[in-house]
Amino acid sequence: MNITSIESEKIMEAAKAKAEEIGVPMNIAIVDEGANLKLFLRMDEALLGCADIAIKKAKTARFFNQDSGKIGKLSQPGGPLYNIEHSNGGLITFAGGVVVKDDNNKIIGAIGVSGGSVEQDQMVASAGINALK
Amino acid sequence: MNITSIESEKIMEAAKAKAEEIGVPMNIAIVDEGANLKLFLRMDEALLGCADIAIKKAKTARFFNQDSGKIGKLSQPGGPLYNIEHSNGGLITFAGGVVVKDDNNKIIGAIGVSGGSVEQDQMVASAGINALK
Amino acid sequence: MNITSIESEKIMEAAKAKAEEIGVPMNIAIVDEGANLKLFLRMDEALLGCADIAIKKAKTARFFNQDSGKIGKLSQPGGPLYNIEHSNGGLITFAGGVVVKDDNNKIIGAIGVSGGSVEQDQMVASAGINALK
Amino acid sequence: MNITSIESEKIMEAAKAKAEEIGVPMNIAIVDEGANLKLFLRMDEALLGCADIAIKKAKTARFFNQDSGKIGKLSQPGGPLYNIEHSNGGLITFAGGVVVKDDNNKIIGAIGVSGGSVEQDQMVASAGINALK
């Protein structure tokens, strides 16, 4: 199964609510099973350069079926995936990209969030995927 | 003034409602005054290749402050803007991209729609901007 | 010899004055002998999408040492340079790109103008290069 | 409010004057609120490869609403924004990109300077924005 519009909107609403709660305007992107953009929002006053980053975080999470931040631990100098960011038209490998799973634990897409600190981005992404649980 | 999230969501809702009414799943993109992506939705079953087209239509409309389809009339072989599509990282110059204006008739962004015939795309884009009137 | 900053600014001033005279806000780009950007201005209210077009017109003129509009006559369907616009990262081959020559008739750069009709663009480009004569 | 041509030219003049004072030919780029190029100059003898760098520094500053050099401190190996440079078509995250603010402390654009040491680039960028104060 692929992520639906209804699921995407649920995730988006929860992520947006968390962003408003912590007072950080965010860029929020949701991609589907094919890593293609499904839903995107740049909240008012969210940083302009974080739109592309949110999209790339979501894609990175789905490309490798794990949190974007985990890739970043492996892509450091000397690491096994050093500079993997050069692939796929550019990856973003710090925190804020998280896969979305359905009830059967199957990956159906991913969310990427950017606009605050990486901890805030990750928190908002987590709030998003929790809306499906 | 730049387009807000609330305005964008109003436009999106109206465009989506029209797409559902005519039974054509659409990709719908809204860009702001600076031609940067503000809101995007790929409806379930909407054509995958039309996501980029929707975004490019919205950008094309804002880049030249007119309907994307009007540019396409001028960019034909022998026309004054032949092959203008090669600029700005790629334009889409058939119908479906329309500028968004505020109450004072100032352009604050644009919408681009892709997924059906160009007439359907244009109809859905028009339904979107009418939501602000 | 390569075009200098002083020459570029003279050209820019003359082009801008002509644009103001005809009341059309323009994007004006000047490239040097190596087809690299030397001077650029987007006048207030000039069309956003015409910035890249102005730069590409200037480059196109210098790439082929002739008016951009002349290339466009040869790049039509069935023409000898059909779709040459795909080269060099994208050409713009309608009028508004003109080479800049020094006193010895040697090409030292080019100007590209975009924002009005192609006739207006060409007029403003011509006004620019006339400033060096 | 968006940055105007007059403001851009004031900034450019001040930056250029500082570059001449320290004897380092510079590439100087100014982008507007939407991170789109507004004004650009490559001074005579300025390094060719620094044109793109100046533009990217200006964009980087506006994309994240802070000095480009601050991003570079966070994007180092092991840092929270490691390899953020892969986003937005390429960032430049060392010093020389600075946001431009209006009288009400609202960001209206950014300047990027490249051609000397990063300290010199930053000095010239600062001289530029001080012209508006």
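Just so it is clear, A, B, C and D label the chains in written order, and each chain counts residues from 1 on its own.
Just so we're on the same page, a residue touches a chain if its C-beta (ideal position, glycine included) is under 8 Å from a C-beta of that chain, and two chains touch if they have at least 3 such contacts.
None of these values were measured; they are calculated from a predicted model.
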Intersection of the contact lists for chain C and chain D: B
Distance from chain C to chain B - Cα centre to Cα centre, in angstrom: 29
Chain centre separation in whole Å, for chain C relative to chain A (CA means): 42
For chain B paired with chain D, centre-to-centre distance based on mean C-alpha positions, whole Å: 32
Residues of chain A touching at least two other chains: 48
Category of the chain touch graph - line, ring, star, complete, other: other
Residues on chain A engaged by chain B in the complex (per definition of touch): 4-5, 8, 32, 34, 36-44, 48, 51
Contact set on chain B toward chain C in their complex: 34-35, 59-60, 62-65, 77-78, 80-84, 86-89, 91
Chain D residues touching chain B - in the complex, by the definition given at the top: 32-36
List of chain A residues in touch with chain D within their complex: 47-50, 52-53, 56, 72, 75-77, 83, 85-86, 90-94, 117-118
